Structure formats: C-alpha cells, structure tokens
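Look at the two complexes coming up: chain A is in both, with chain B in one and chain C in the other.
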Partner chain A sequence: MVRLKNRYIVIEVNPRDQNETDTLHPFKLSQTALNQTVQGKVDQLHGDFGAAAILAGFSAKYVNPYTRIGIIRCRSGPHKLITSTIPFITQVDSCQVSVNILYVGATIKKCFNFVKLHQQRKSDEYCIKLESDEAKKSLKEALMNFGSM
Partner chain B sequence: MSNYYYLDIKLILANPEEVTPAFYKKNILEAVKQLFGETGASIPIDILKFNSETLEAILRVPKSHYIKIRSSLVLSGKYEGIRCIYSIQKSTPLLLALQGDSRNYNH
Partner chain C sequence: MLTCNQKGFYDLNVHEKCFQNNLRRTLETLYSLGYRTVAVNQLIDVDSIPETKKKKKKGEPRETLDCLPEPFDLNPIKETAAALNYESLTFLNRLTLKFSSQDTLHKYLKSINFKKYDLFGVIPVTREALTFVCSSLEADILSFDVETRLNLRLQRKLFTQLVDRNYHLELTYGPAIEDSTKRKNLINISHLFHTYGKSKNIIFSSGAEFYMHIRNPYDVISLGFLFGLNELQSKNSVMNLPRKVIVNATGRRHGKSVMLVENMDTIVEESVLVVSDEESEDEDMDTDEPLQKKSKQ
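== the complex of A and B ==
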C-alpha cells in the first residue's frame, strides 16, 4: 500500500500598516482570500506546472485573527513549491501583508503542539503590558482559540 | 561532460510570417513562463544561431534545466496569436554533434 503524505505549514500573516505587537486589533482575513492568494502566487512563480502540482490536497485556513496564524495543508513533495512561494506574498485581499513560515510539520498534532507553545509564549509577552486580570483573561482566551483548527 | 545542452529547433507556423530573433526568444521565454512561471523564466537561455528563413535556431540551455525548457517547447502552441509548434530536431550536450545531422541530409 502507498501512503499519502501531507505537510502542514504554519504561517503568520502580519499586516504591513499595523504594529506587529498590536494584538488589541485583530487582523481579520477570509479563508478563501488566503487560499486564492497562495494558489495565485504559486501560479505566478511556478506556472501551470506548479499550480497543478499543489492542487491535490491543498487547503489554506486562517485560524486565529489575534495571533494571525494560518495553516496550509498540502501534499508532501509539492509543499516545496509552496514554501518557496510564501515569502513572496505581499497582498491578501487588498491588504498589504508579510507572511512568515513558522513551522512545517507532517502531522496536524505536531503543528497543534507547536501552535499551542507559540501562542502561550505570545500571550505571556502581551500580558506583561496589561494591567487588569480581566483583560489578561480575555486576551488569553482569544489567543488560545483554536475553534477553526 | 558539459554544463550546457544544445537544442536544434524549428518553429513551424500555421501562417508563415517574418520572425525576428528577439520575437523568437520572447516566444520561447513566454512558453517557459507559462509552464514553469517566473522561476522558469529566470533560466538563462541563449540563441546561438538563428535562421530567419527556415525559422531554425540553436539554443543553449543549462544542463540542469534542459528538461524544463524542452517540455515547455513541446507544450507551446501559440506565436503572437498564430498557432505554432516547435519541432526539436536534435538535442545534444556537445555542440559539435549538431554538425552531422542525418535528418536534414539531402542525397
């Protein structure tokens, strides 16, 4: 039997005009826009061949607007075309952005562990700036929301 | 052996018209860009010889990208809106091997 291998790419979408540590303003993105942007950019940089290579098993999800984390699932092999393209993404849905690759994993569980650790670290970072316990609690809840994952 | 591959190609147009070397190269680059995108278009391709009457040319491409170039030439189907095909007459890593070509030999 042949096994289908997937790769999960954890990305961070930072808007250009907003301060990176400004978590009080969530950065909303539609999932379809992210999906189309990645596919369009792969088509631009790797042509028809690249667009066709990544098409099977491709899906991009924007998970958390507070930590700006998104997850892209694709087949192992063509994921190299995607990881080489992601740094060139500058615009999603008429928003100027810069996209960082945080992690590339083979299982969603490993990605989940990474994202959890990453969000925990971020929430600790942000909590230092906040005064009241109420605000801290609500921020933590917002950051650790993996509902759509 | 050699870092390059040499391709002896011929452009066959549905409606023959005059083709300049610049347009010839542009069409090749467009074919590569269509199939392999901007990364493909960055491959250095050289036209060493060009015959404007028969539309034959000798291309020099890096060995590492030979397959990409050749496949995009095969899949190219348009020249400035006219239907066309590229006939690859001979390909070799040695330029000298293009000298003796039995395919075009007239007895």
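== the complex of A and C ==
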C-alpha cells in the first residue's frame, strides 16, 4: 500500500508595523486571505506550473492570533515550491507582514509537538513582563489555544 | 481492418472543426510534423442536448431519428491527402461523450451510429459518472474537461481499475496553449494521475480546434516533463500507447475477440489504408465476421 505523503509547514506571520513592545496584541488574519496570498505568490514566482502543482491537497490555516502561527498543508514534492516562495510574502490582506518558516514536518503530530513547545517558550517569555497571576493565566490560555489545528 | 502503420506518431484527438475549415492546412501541418494516424474527434455534450427529443420519442417511437450524428465524413480528407501525395496516413473517427449520469447515456450507446465510430472516449462530469465509467462502461479513452477545475476525487483504486480495463487517460495539450486557467487545470490533472497511478496509460493528444495548435511530437514528448512523466513514458504516450488504444478499440467493437483475420488482397489495392473505411462495407463485414475472427467467450 502506497500512501500519500503530505508536508506541513509551520509559519509565523509577523506584522511589520508593530513594534516589539506590543507583541501581545492579537494579530488577526483570515484564513482565506492567507490561502490566497500563498497561492498568488507561488503563481507569481513559479508561474502556472507552480500554481497547478500545489493545487492538490493544499490548505493554509491560521491557528493562533497571539503567537501568529499558521500551518500550511501540501503534498510532498511541491512543498519545495511553497517553502521557496514564503520568504517573499510581504503583504497579506493589505497588512504589511513578514513570514518566517518555523518548521517543516511530515505529520501533523510532529508539528503539533513543535508548536506546543514553541508556544510554551513564548508564554514564558511574555510572563516575565506581567505581574499579576490572573493576567499570566489568561495569557497562557490564549497562547496555548490551538484548537483549530 | 486494423492496418494502422507502426511508424509515425499518433494524434487521437483533432477536433472536427479543423477539418471543416482548414482541411488542407491541417493535413499539411499534421503530415509535416510526422503524425501518421489521426483521429477526428466529435464531442457531444449529452447534458446540453435538451430533452425535447425524449418527449418526441415518447410520443411517437420512431427509430429512424438517431440521437448521434453520423461520423465525420473522412472521404474528403482522404482525397485531399491523396491529392497532396501523402502516403500511409490513417484516419479514424472518434466520438467523445461528455455526460453527468449514466441514465442519459444509455440511448447513445444503443444508437446505430455509435458502432460506426472507431474510438470512443468519455468525459465524466460528476462522481457518479466517474464510478460508472470505472466499473462498467466499455470505452477506450477517459478524458477530462480542462475548462473547469476537476471536482471529482480520483482514488488509487479507481485508477488501477481503469488501467486494468485497458482504459487510457488522455491529456490534451491544445487548450492549454491558449489559456492560463486551462493550463493550470491540465497540469493539476496530470499531477493527480502521477500521484494516484504513477502516470500509467497516459496518452497525449492535441485536442486542437485550430491547426495552429498542433505541435511537433518531439516537443510534446518534452512537454511530458511538465506533466510529471519521464522521458520514456512521454515517448510511449505519443507512440506506443495510442497504438494500443486503437488495437483495444478494435477488440472492443468486436466483442471478445482474440485475433482478426482478413483478406489483405482487397485492402492492398487501396493506396491509403484507412481503418474506418468500412462505412459502406459495414454490412458485408458484419455478416462474414464470425467466420473471420476467433472468439473466446
């Protein structure tokens, strides 16, 4: 039995005009916008061939507005076309952004583990700045929320 | 009957419009590029035909009215080819039916004109239609409409079923030349074939509606790279596999036949050997067929 191989690309979408101090503000993005941006960029850089190649099994999800994590799923093989274009994404839905690739995994579980670790690290980082326990708790909850994944 | 020559390339989908408007130019292009076997395609969209015909049939059941048109007349083409001194060109009639459910298809398959076509291709539009094609319909070529994005889900199982039943999957590069979305759809489909069935049994054909859209077979072979085929596969898809399609089609038309014996003397007299030549001889052929073929039931 042969199976279909997928690749999951974990990305981080950073808004450009926000400065370091208010990193805690949620940055909202619609999933369709992310989807369209990635596809449009691949079309721009790799042409019709690239756009057609990534079409099968492609989906992009924006998971958490606090840590700005998104996950792109695509077939193994054409994922190279996507990873090569992601650095060139500068604008999503009229917001100036820069996109980092954090991790490329073959199963959603591996990605999940990675994201979990990443979120924990982030939440620890932010908690230092906060004073009250309640604020810390709510922050943690917000950061660890990746139900849509 | 099957006298298609071994050498030369195959183009199993040239739209009838090509031969209606620019017959001479089309022939010149095809011959000079090295195509030796050409199938004239007639595309019929089953769903677009209004149901008034059905009502008529219910009211007065006449069988004189056939729902399929007569096959494209190949004689003018042959005459032009003979006038241009083109040798060893073979012409075939191909019928392509585009349908969404198997109910409407039945009357077409039973029609009298249906048997006059050499090749039979199908374009399923819905999922039901695709499963019907995969499970029970007897046809030679499975094609896809590149104008709309594929809304069917191919499965590996369906694909292997198709390959086992000697289907060939067609990729038409003609429409892809014109337009970007068609190109994207075509590449998408071909990649799906690649992932689900290792690109087995794929044939290339032009699907051209205009002679300018016909390309050199060697260019088509290199085009295979875009569709995820390797060099050998893409060479086969313009040479050996289309030949196999024709052989299988002959087999399909005669039921379960193993070999076909025929008197060569009558055929040798004709300078241009044409598979679909028996439009007029059809009746004679049918009567003495059981003697000529060995059938295995």
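We take it that the second predicted complex is superposed on the first by the 146 of 149 C-alpha atoms of A that agree within 3 Å, B and C clash if a C-alpha of one lies under 4 Å from a C-alpha of the other, contacts with A are read in each partner's own complex, and residues count from 1 in each chain.
Here is the rule we go by: contacts are C-beta pairs under 8 Å (C-beta built on N, C-alpha and C of every residue); 3 or more make two chains touch, one makes a residue touch a chain.
Here the structure is a predicted model, which is why all the values come from computation and not from measurement.
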item	value
Fit-or-clash call for chain B and chain C when the two complexes are aligned on chain A	fit
Chain B versus chain C as contact partner of A:V2, first or second or both or neither	second
Touching partner for A:A53 - first (chain B), second (chain C), both, neither	second
Which superposed partner A:Q44 touches (first chain B, second chain C, both, neither)	first
Which of chain B and chain C A:A106 touches, first, second, both or neither	neither
Included angle at chain A between vectors to chain C and chain B, based on C-alpha centres and rounded to the nearest 10 degrees	40
First (chain B), second (chain C), both or neither touched by A:R75	second
Smallest separation of CA atoms, chain C relative to chain B, angstrom	5
Intersection of chain A interface sets (partners chain B, chain C)	48-49
Chain C-touching residues of chain A, taken from the complex the two chains share	2, 4, 48-49, 51-53, 55-56, 75, 78
Chain B - residues contacting chain A, complex	33-40
Interfacial residue positions of chain A with respect to chain B in the complex	42-50
Residues of chain C touching chain A in the complex	156, 180, 183-188, 191-192, 195, 226
